[in-house]
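Note that the chains take the letters A, B, C and D in the order they are written out, and that residue 1 is the start of every chain.
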Amino acid sequence: MTDAVLRLERLTKRYGALVVSDEVSVDVRPGEIHALIGPNGAGKTTLIGQIAGRVAPDAGRVFLAGEDVTALPAATRARRGLARTFQISALVSDVTARENVVLAIRSRSPGRLMPVPWFGARRFDEEAGARLTEVGLGDRADVIVSSLSHGERRALELAAALALQPKVLLLDEPLAGVGKDESRAIVKLIGGLRGRIPMLLVEHDMDAVFRLADRISVLVYGRIVATGTPSEVRADPLVRSAYLGEEDAAC
Amino acid sequence: MSKTRRDFLVLGLMLAILAVLPLVGLPGWVITYTARIMAFAICAVALDLVLGYGGMVSLGHAAFLGIGSYAAGILIAEGIEDFFIGLAAGAAAAGLYALATGAIAVRTKGVAFIMITLAFGQMAFFVANALSEYGGSDGLTLWSRATLNGTRALKSDTTLYFVILAALVASLGVVRLVTASPFGAVLRAARNNPERVTALGYDVERVRLWAYVLSAVLCGVAGVLIANLTSFVSPALMAWQRSGEFIVMVILGGAGTVWGALAGAFVVLALEEGLSLATQHWKIAFGALLVAVVLFTRGGIAGLFDRSAR
Amino acid sequence: MKHVITLAAASLALTIGTAAAQEKLKIGMMVTLSGPSAVLGQHQRDAFNLAVKQKDGKLGGLVADVVIVDDELKPDVAVQKVQGLIERDKVDIVTGVTFSNVMMAIAKPVFESKTFLVSSNAGPSPLAGKACSPFFYSASYQNDQNHEAMGKYAQDKGFKKVVVMVPNYQAGKDSAAGFKRHFKGEIADEIYTQLGQLDFSAELAKIVAAKPDAIFTFMPGGMGVNLVKQFTQAGLSGKIPFLSAFTIDETTLPATQDAALGLFAGAQWAPGSDNPASKAFVAAFEKEYGYVPSLYAQQAYDSALLIDAAVKAAGGKVKDKEAMQKAFRTASFESVRGSFKMNTNGFPIQDFYVVKAVKRADGKYATEPVEKVFTAYGDVYAKECAIN
Amino acid sequence: MSFTLLAVQTLNGLQFGLMLFLVAAGLTLVFGVMDFINLAHGVQYMLGAYLTAVLAPHAGGFFGALALALPLTLALGLVLERIVFRPLYGRGHLDQVLATFGVILIVNEGVKLAFGAAPISVPVPDLLSGSVMLTDGLLFPVYRLAIIGAGLGTGLLLWLVIDGTKFGMLVRAGATNAPMVSALGVDVRRLFTAVTAFGAMLAGFAGAMVTPILSVEPGMGDGVLILAFVVIVVGGVGSIRGAFLAALLIGLVDTLGRSFATDILKLMVSAPTANRVGPALASMAIYVLMAGVLAVRPGGLFPSRSAG
């Protein structure tokens, strides 16, 4: 347990009388993909917000590689190794794909806020190119982001997150709104990262979740109702009634 | 020719014209008037750093101009006449005020940022009005300009013109350098998508704060120059309408472009002078022009130029 | 012998006449013509133009070329424009100037270029005292004087307790200081309002609570209009004597109308003044422009007369600065206000009155003198002025 | 600083605050629903005042003029919306600011051209003239009570419309999530037009109401515009409830600050110092208040957008 890369300890958040996170404890271990699933309104977005540092929890703590980061702002957490993607693609849309990745790469370097042009820029450009090639965007590097397709932007987000060389990656519905073909490519991409970077994956697409996840936690009404391997979760009667039951019926 | 190269060519041409202007035998008032426009242009260029590149619409920049000019004016009134001391004091005073107020202001965004900067600008305005020792609302006449290395060289309008031109070139240079730097890249990216930039590990508020401070320092410098040029400082210099005028200059010229803010300052102030000579009701024509520019162009004068050049 | 002199005078006049044909008198008039205070500048401009027109376009025998500029009530704009007047239009005299902050801003460049500055309104204390200049002459007053007149009046009337309310800017503070110079009773409260404030309900409530014998106020332009209307609406008119300066005059009366009737102001002149020059001026002005002239108009009219007299006395040699200075100091003309004498600091020595707003027989509103407060009164700063 | 004085000042603050509310309500709706920064809103206030002042002698006094001014300001709002605002809805705030600033210049100068620079006045209608004795010797003008009544009445009416009608529901929904409203198949353009014209009329109503107590002059809307922006930012953009409370708060802070800041300071420092510092502090009070509110709650008191 202590060697978890990311550990949430009894995170609690209330909005008035509504408890959106109810003593949530989850951990992501080295090398694993840990998926977080739950029906709409289960509190996934708020939970992600607390992990990333956008939302302050009322109680509980967040540990990143054993270090308590609960009080740190989002930007600092990112530099400490917590990278994320957004549910709705969030990129700097008026510059090229490469520049988005360069921003990420540079944020690791001490000169990230130099107020004068840095003449080692080529090195960053090249590294960014390599990162983009990794996610299959090698030939789209110098296209302005707003002209990229939805799936390409998803991939670019992944490239930018990876460029941070994070200790752990937070994926907030990476397949939301992506077409079937592109979806397959992204699943492949995420699968390819298994073992390299531990991930917390929030996703609605159950096929993808069961294909990718090493472990799954189920969040219902702000509470973790089950954690286990895909087969354990699939078998859990509580999960079946609360969540998968509907899914099965829908299928 | 690439757009960037063309932009720098335009900028270079504008500055070259400004550099030879005093040498072609124009009457003195044209020189002092151009010097005044250049001093205001410094503040417009500085505002463009936060407005055009940072997406922060400050309605309080006149306060920095005023603080800079008061710092210079008070020093001269107290017998400290050296130009560079005045310059340093004006820049530092404006920068410090920006640091203190900006720390609060950058937490807000959109119209709240506009209004909170207005609020801090108004506070400075009312303080200046209460400075009875230095003329209060009547302002303070500087019976002599600052000394340059112990000489009265600035007494010559032409010398002061070139000092202001040098400051303008330096300000353009600083803004250019900063916007091309990693800091500038983060500032611009944060205008587009602050959340993403935060997720990449950048403290957006801090980046914005330092841009705001730098912008204020440049406006403070402009204030010192204006104080020496007009030999007069008064709270009227920091009225909120003046801040609005700076915004108009930047947007009209083209926000976040190489030479837009400079062109905007010249167009606004030259039109004011030219139209007001032609008719007492020049504001109607000026207002109509603003509406027309917005309705029929995109990206101000610089944008218009781009399209016709294409 | 007598004939010879007449002949000599005639030929001299002829020479001056020819000189005038070649040489013009260039005058730059800077007044505030935009913003809420534009009406003050309008009075000044119209009256000055009237004087020039009445003299067939000539002042001091020279053809007067008057350039009118709007200072927009922005000191730095004013400096820019005055530089244009001096260097581009090459004016011999700058006149007008509605507000003191504008006056302070343009004084230095005007003096440095050795151009004469003839104020038709603003009279800030530095220019009367330490920063006085042989290039500055006023046809109006020193800023403190009208307030001093009200202070003296309040003292003479035996008021014991007065509330002073002025806008929070330099002229307002000078006004309060001027009032207190001759009023020795108790100042129950000094209220400083925001410049440009339009709602005085809070202040009026406070004044009522203080139960004063009188209030003294200085609220030029739109502020005055609102104050007077609200003062009367609050039922205070007739209960608390209303003493003022630059608040009740012909620029505000068209808007306040009945609300201002019976309220007092300190002034060196009012349209109701009973002297022939004044009556002729008021009649001509109303005929020309269709509205009643204010003291701002009268001052500008007198400025033109002063310039006329000075240029005449200097023999039309406007470029001879020393001769012009001497001429300005000694020039005598029939001032609309009655007695007028130039003090050592270039400000007038004159009489001051308490005036009150009345409705004239023709239905128009105007002020008329009630009683004289000061006779041949100079300002207190003249002794600090080093020119002699 | 007696209790009665405090009571009168509170009433004065209330009256000032309600005036501000009338102007701010339209501004916050237009801003909230359309995400449109309308600097020309102050001009509507001025036009309401001018129309009332100019029409009063011909329309049988104040009430007749008021009755004519309301539909006219509504019409002017429609015209402005059609010509200038509509093309700018999709554009950035900066373009909106520049264009509506241009409108201010044109209308201010146009009014001066048409009616002169001198202030115009409107007498208090006989029906509402005079003062009422509140307590011993403290009079309060009836007309100001009428303004308080009109402000409260309009506030109530707005609340009923916004809370109880379909139009109100759409406006509320628009303020929170404009794309959703258009996704529901509502003709958003017509909604926008209605809201703009309605807001213009409210501002015009405020301008008309102040004619008997304030002088009608070119540029009279500029200062009010800034105060209205202070109100909507403090209240939270798009929130009528926020605008109402913020307007009252600002009206009271400004009025009470002007009345008592100097006196309170006199208890702490010497009288001359208090006389110098007090008025400056009173002038700043609302700005200090706004900066304070925004520092703690960047989205204002009632942030209606979740982004706050």
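Keep in mind that, in the parts below, a residue touches a chain if its C-beta (ideal position, glycine included) is under 8 Å from a C-beta of that chain, and two chains touch if they have at least 3 such contacts.
Because the structure is predicted, anything quoted here is derived from the model rather than measured.
Hopping across touching chains, the smallest step count from chain A to chain C is 2. Simply put, of B-C and C-D, more C-beta pairs touch at C-D. With centres defined as mean CA coordinates, chain D is found 46 Å away from chain A. Remark: chain C and chain D have CA centroids separated by 37 Å (rounded to whole angstrom).
Note on chain placement: the centre of chain A and the centre of chain B lie 43 Å apart, centres being C-alpha means. Looking at chain C, one finds that residues 33-34, 168 touch two or more other chains. Not a single residue in chain A touches at least two other chains.
Shared contact sites, meaning residues of chain B that touch two or more other chains, fall at 129-130, 132, 283.
With chains as nodes and touching pairs as edges, the resulting graph is of another kind, matching none of line, ring, star or complete. Of all possible chain pairs, the ones that touch are A-B, B-C, B-D, C-D.
Contacts from chain B toward chain A in the complex involve residues 177-178, 180-186, 188-189, 192-193, 195-204, 207, 210, 214. Chain B meets chain D in the complex at residues 51, 57, 101, 104, 107-112, 114-116, 118-120, 122-123, 126-127, 129-130, 132, 240, 244, 247-248, 251-252, 255, 281, 283-284, 286-291, 293-295.
Residues 52, 54, 73-76, 78-79, 83-84, 86, 90-95, 99-100, 102-104, 106-108, 111-118, 160-161, 164 of chain A touch chain B in their complex. Those residues of chain D lying in contact with chain B across their complex are 31, 37, 84, 87-88, 91, 93-95, 97-99, 101-110, 112-113, 226, 229-230, 233, 237, 276-277, 279-280, 283-284, 287-288, 290-291, 294-295, 298-300. Taken in their complex, chain B has these residues touching chain C: 27-29, 32-33, 36, 129-130, 132, 135-139, 141-143, 226, 230-232, 234, 236-237, 273, 276, 280, 283.
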